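Look for subunit A in each of the two complexes below; its partner is subunit B in the first and subunit C in the second.
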Partner chain A sequence: MKRQLYTIAALVGLILGLIGASGSVSFAQQAGLPASPLVVPATQMPDGPGRSGGTLTIDDTDNPKTFNPITEQESSSSAVTSLLNAPLINTSGQGAVAQAFEVSADQRSVTLTLRKGIRFSDGTPVTAADVVFTLVNVVFNPSVNSDKAAWQVAGQFPKVAALDAQTIKITAPVAFSGLLSAIASTPVLPKHLLAAAVQAGAFNAAWGVDTDPTQIAGLGPFRLKSFTPGQQVILERNPFYWKVDENGTQLPYLNEIRMPIVSDDNVRLLRFSNGQTDIYPPRPEDIPVLRQQANQGVSVLVQQAGTVDLNVIAFNQDAADPDLRALFRDLRFRQAMAYAANRQGMISANLNGLGEARFGPGIASTFWIGDQAGFPSFSFNLQKAAALLDQIGLVPDKNGLRHFADGKPVEFTLLTVQGSTVLTNDAVLFSNDLAKIGVKADVRPLDLNAVIDQLIGSRPPQYQAARISLGGGDGDPNLLRSIYQSSGNLHFWKFSDGSGQEVPAWQKQVDQLLEQQAQTLDLATRADLLDQFQTIVAQNQPLIFLYNAQGLEAFRSDRVGNFTGTTGSATLLNPEILFRK
Partner chain B sequence: MKTEPTEETCRGEWPFAPTNNKPLSQSRLIWRRFRQHRAGYLAGWVLAIMALSVFFAGFLAPYPATSPHSDAQNLPYAYVPPMLGRIHFQGLRPFVYGLKRTYDPLTSVRGYGEDTSQVYYLKLFVHGEPYRFLGLLPTDLHLFGTGQPPDSPGQFFPLGTDRFGRDLFSRILIGGRISLGIGPLVVLLSFAVGILLGGLSGYYGGGTDTVIQRTVEVAMSLPRLALLLALSAALPPQLPAISRFWGIVAILTLVGWAPLARVVRGQFLALREESFVLAARALGLGDLRIIFKHILPNTASYLIVAATLAAPSVILLESVLSFFRFGVQEPLVSWGLLMADLQDNFQYQIQFHPWLLIPGLFIFITVLAFNYLGDALRDAVDPFNIAEGPGI
Partner chain C sequence: MLGYILRRLLYIVPLLLLISVIAFLVVKIEPGNFCTPLRIQSQALYQRCVASTGMDRPLVVQYGKWLWGIVTQFNFGYSFQNQQPVLRQLFTAGSWQSGTPLFWTLVLSLGTMLLSWLLAVPLGIYAATHRGSWRDWGVNLFSYVGLSIPNFTLAIALLWLLVVVFQVGHNCWNSAQLGQTVCLGVSGLFDGDFVSAPWSLEKFLDLLWHLWPAVLVIGAANLATIVRYVRSEMLDVLGQPYIQTARAKGLGERLVTYKHAFKNALNPLISMLGYWLPAMFEGTLVAAMILQLPLVEKVYWTALRQGDQYVVMTGLLFFSAILIGGNLLSDLLLAWVNPKIRYQ
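For the complex of A and B:
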């Protein structure tokens, strides 16, 4: 008996040894791996180290419009580009493409050292020149449609210098609280593939969807294999990726990610239910349906923290119609609209109860915020809304319809995204309530890309009102500056602010506060400044804030390992550790 | 003393030997034969009741079609299940209990239970939400209901509610105006065009006939559904719902006139060589007079049958259009639109709220009834000559 036990132990030891040996062997043999890869500890993998190989399928919501990670603006594109690119450091403040970084004592500059032997997905080594090119020639380039607000402090961009081939020093003009999050939100681009486009002044159009996949390279876990418009995007593993698991196996585990393009939500749900896809970010109302399929391998995650998406109704204060433009610029009107938004009703009817009402820009899960008592909140109250409209001078006629002074009825088009039940039904609910106070809102669902085009594609924006959901960054308020600061590239509700015309006083204050908090390193002072910012925004309602939706995920736990979530749309989090069971 | 023949007296011997000696008039014969067709007769009644119900829909429905209901906290009474099965009786007085929200955390399904501490009696002729009787008379009188304010938990939704807490029964009744009305309306318009062109074509023959018939053939060869969808998509989206409705009627007419014109032409071709037409012509009557006074009345019975048989396809087409959201739009309601509401999250809606399929049942019954009625009318009018209706 004792003897037998001993044998088993010996066998176990042998197997362990073998695994160890093969692990180290593969470590040495993996040609594409940089000399000092980033080791992902098993503690960061829900299911532990996985096995290599296999294909994963997740539907993309629409055709990607571009593969350019700087200019992409909609989730159907970012679902792809987020897998193809990587920043110097990640959002939790660890090195990524940069092996190490050091923040100077005065917190103005960061010195980053690139990972030794790191290469782009086409095999070209990454150097400091690529980083300098990315920041100076692309992101800071006035002709490039990039998120400059995240990088700008005191009206200037940080200085970027290559100390040697591996080391970069980024120096802000003043102390800058958002420097690390700005670095973490910017992917490193290959200079050798994009320099020509920048030179020609055509960077915004570079890496369009018709680009040859071999001409697109990045530092993400995957690289583009093919794209057939209207059908699917195929990504293959990046053989030069710079992460390994504890056993030394190069990540990503998956060989391929297939992203068929399916724009109808119902069809995506059906495909997931039928097992044609492995991961599906469900709508709130899909949860009961999916819970019933639990015995078929479907797992549902409901995250209590909530998504960081901004669920808002926006009014275009630069609308072409002069009556509407004046109306939308009227604070009383926007407050009336905030009163008329039945948030609890939307949450209950359209979110299946999975959300919480919100009255300002705050995100409950981040350090600086929450919709705490003290912030102005315009909770549902149609009487107050009607009273405000009366005050503006929009008096209802005998049919209850309100008219402008020139006799035109108060009527606008409310855009929503075609196929998005939640957005469209929110809009319908809102429009039903507006009808009760004599304002007519025509709900018009449009294709997502058409909505984005109306919002930010054309200058000035063409829409009148829209029920939209914006990706809210990772909660660092500096990343929200592109939305709230008047010069931001997502400042779509009053484009003329960006060109410096007629900036209202409160907006100037917001600009100033955001600038000030960016230059403040002390967290308490920063939180205080942000409180003021929130109060002003909540008071002036440039956007009508609706709610925070809870994060919902569904995946096939019998097939997919190490699933850590998506960002609402088809954008996978931690795609490199996903594996096929 | 002369007595009218009653049903009893003529049953069994009909139609060959009426009990009294006076021969039955043509219309009476038709009525007899029509009643003989059991299914068709029943269908006629079903349609008549439906037509009456939707005509007085505002009064019969407990709520207006577009008014959403929510509780005192402004949470919509979404997806309340049909309450027909939740009527209780105290003696002979029917009542319902107040609505109480339920939530099953295991399946995350929300539902409604009965709050037995609150009792709401169902009453006749209650004052409820205001509407316009027959579209004219402002009133708030409804045939039945609980008479509670809109935010009370004491609501009576006979067939349940939709996602916004709108009463499905009221929506079906009021939506029936469009769904039932559009059939006869479009058929009438199509017939006006069809009779004119078909009549001209059949009566004159020759070049006129050729031109019109080639046009008809072209019109009939167009892919109907695709054309419908394309035309409705071309209607400007900012069009008010009412104008849009008339646009849809026009489009359905445009697509539907051709087969009718062809059938009318056939009738005219046959009739124009009849002796009474030749006689009329010999007397020197004008063409129009011959067409409208002599030929058309002789095709009337046939046209009525054809119209009845064409109506269901119009109803179906309207449903299809609305289902694809190209047809009638909110705030108007039609049965097709009610079905279209099912499309959003249809798995969730059908799996957990199957009562939302009821409007489909109404479409089904109506189309079936129209078909039976058409069959019965055809047999009654002329059991030998008319083979098939034209359809639209």
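For the complex of A and C:
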């Protein structure tokens, strides 16, 4: 099995127990710059060092609902909060707010040293007390709506201690491979601005959208200048930002980022075409239109398909109907369904051909990508699907419709989300193909909340089958545990596994492998464990994996330099290096 | 008359109460709730959300607390999503420079209504007095087109015309007020930094540039409807014997049309004014969605999608109050213009 292993220098450093020091050099002290800023090498800038000044405009898809980076739950808020905040280390394992970090020999604890002289965007110095406050008083606080799962291992939170004003030690109860990811996904909050809210038990409401911008501070490249509900958000450069380019120019380059609120996809496209915005993450159907605008400075980037999101068809192996329950638990049936899924047809219909078929679970490229070479490939083949159904004993009648032994027709309801053309198109295409092999799938679009309720609102769930899409978080394989481990919150295809009823051997193996990799920091060993996990899941098809979309970006290359992409509709990647040409 | 008005106002109270119950039930009947999406992350997060929003309490308690807050403190609850009072989110969020949802809703609804009537009445009279001519056919054609094009199609087509055909984005000027180059944009209310800039002639002109597509979209169907009403009423009146008598007396056509015919055709039209008020508020929703206008309707629609229950309930109450108020206004206007009508 071929796997592209994306090693990360600092993660290797982590495993070896070395100090992961970031590249920092001394610069003549500039106002607002810490004593040891992080230098962004020109090699990490597609267009090289840029020039300071100017404004960039990108539409946000909706009003931000909060400026609180811990409690925000949706992309229109995170598009803003991601520019206002920064974590101790970044997701590629380099120091960020922390200048250096060291992993203990027993691989349970990480000691982090803050960048000297670093300050929040309101000019207040950052100390270890801010980090302890962020973790202990906010993230681990039972009354705060934070992502606690990312921090828990063996049911416990790590211990956090300030060794001195600049040094913090975080100790997990056992060796925990997700510890660095958890640190990298948690922004450092200013204790001086938020302690009162925590004390009053009002943190979840803190930094709401009507907060005075001067009362919001972070460590990101920008800070909030103004928010006009329904109209726009304006961010201005953080004068205390802690990164410089090779020439010693403090980042970010841009003076302002303007984010008008535009919730309609077609209008966002028209505004981009009209030159009102500089960046637009397009839909697949927009690409031909945008390519025609190449002579007007519009560039289109088509990136490799990510592997984090899961586009799947799920069958409820705890279905109330005994015939369907037995059928969905039969591996041959699930394999037949995998063969009956016309992935290329779905990619053509929904993604304008800009997608890649998937046959197994995907893990983010930050870690490694399964290229399916070693997976069983269930390419579209209705003959093979029909043969597998024949093997099960579901023989078609003279009308071609298959029946169970008790005479009932093989028929189930396939849920999709109302309003999602992609999901409904896929479901209809799948249903049409199933009809050709004698299986009747009734497509039923429901409101998103109703679908969620049917999937995980009760145990056992009420649904029979569903075409759904799941976001994969930031791609840390540990997050897959909630889906694939039998005790996971999203193990919605067979919750009975969690209570130990008729758990198949392969599921026990998956549980074990995911647990082992969570407690293994050796990259090679972890890769091997995850490799086994992916293969087992691909063989057993608990979910019918379909495809993933390629990342699409459109930007005005005559105006914007160092553009590297977006995530979640409007969240800019590397906003600090963007510059105005 | 005063007694009648007071009685009508008193009837509104139980009516709104009933509407509030229906609004609450409508929100609760929907599958799932505001917290449901959190279930994907963790059950604990979902439970915390349900507890913190009070949605774990019995329905009677939830409704009762909300109603009690309104009656005793004029507190319509708070937005789960934005963690701010409902009245602020629906009506008053924003500033003097940028305007608030209620301000823009009133400006657009009333402004469009006024413009529609100012244009429709002369057009309707013209069509009626030129019945059967090509001009009448022209007005009729315009009316049919205006009525048959859905608002959203007109809105998106208008934006497409401005951007792709007229390429308005290429028209730029150096703004003395902002100290930067500003280019003509589409959708929203302002270009660039005019959103939060102090009011000036330049900002006002920029606003007008953004408002006219909205006025056209909201007004087109209404304008066409009013034209047809005016034309039909005028034709009816122009066929009456007293008009023929007036003409036989040798009165000028202008005098006959405006003094005798139009005055009498006006009665049913004036009563329509009141009914038009709620229709205008409803009509702005589509324009707000496509043209990205920060109106009450858009805030309401977003809350509806997210199950933000108190915002939805208050929004429903608001629109119901407009409807009831519009009906009352119609009745009063009718009595005012027609002395024969007296309410007991």
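As a working rule, the second predicted complex is superposed on the first by the 333 of 581 C-alpha atoms of A that agree within 3 Å, B and C clash if a C-alpha of one lies under 4 Å from a C-alpha of the other, contacts with A are read in each partner's own complex, and residues count from 1 in each chain.
As a convention for this text, a residue touches a chain if its C-beta (ideal position, glycine included) is under 8 Å from a C-beta of that chain, and two chains touch if they have at least 3 such contacts.
None of the values given here were measured: they were computed from a predicted structure.
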(Q) Looking at A:A197, would you say it contacts subunit B, subunit C, both, or neither? Reply first, second, both or neither. (A) neither
Q: Decide which partner touches more residues of subunit A, taking subunit B and subunit C as the two options.
A: C
Q) What is the contact status of A:Q344 with respect to subunit B (first) and subunit C (second): first, second, both, or neither? A) first
Q: Figure out whether A:D447 sits in contact with subunit B (first) or subunit C (second), or with both, or with neither.
A: second
Q.
In the overlaid three-chain picture, which partner chain does A:N266 touch, first (subunit B) or second (subunit C), both, or neither?
A. both
Q: Could you tell me if A:N352 is touching subunit B, subunit C, both of them or neither one (first, second, both, neither)?
A: first
Q. Which partner does A:R291 contact after superposing on A: first (subunit B), second (subunit C), both, neither?
A. first
Q) First (subunit B), second (subunit C), both or neither: which does A:A387 touch? A) neither
(Q) On the A-aligned overlay, A:V428 touches which partner chain: subunit B = first, subunit C = second, or both, or neither? (A) first
(Q) Give me the intersection of subunit A's contacts with subunit B and its contacts with subunit C, in residue numbers. (A) 266, 270, 273
Q: Could you pull out which subunit B residues touch subunit A in their complex?
A: 66, 68, 70, 73-76, 78, 103, 106-110, 163-165, 237-238, 330-331, 343-349, 351-352
Q. Can you list the subunit C residues touching subunit A in their complex?
A. 30-33, 36-45, 48-49, 52, 81-84, 88-89, 93-95, 98, 101, 156, 159-160, 162-164, 167-170, 183, 185-193, 195-196, 289-295, 298-299, 302, 307
Q: In the complex, go through subunit A and note every residue touching subunit B.
A: 265-266, 269-270, 273, 283, 285-289, 291-292, 302, 342, 344-345, 348-350, 352-353, 380, 413, 421, 424-425, 428-429, 432, 435, 442, 444
Q: Please give the residue numbers of subunit A that touch subunit C in the complex, ascending.
A: 62-63, 65-66, 73, 143, 145, 147-149, 204-205, 208-210, 226, 228-232, 234, 258, 260-264, 266-267, 270-271, 273-276, 446-450, 452-453, 456-457, 470, 482, 489-490
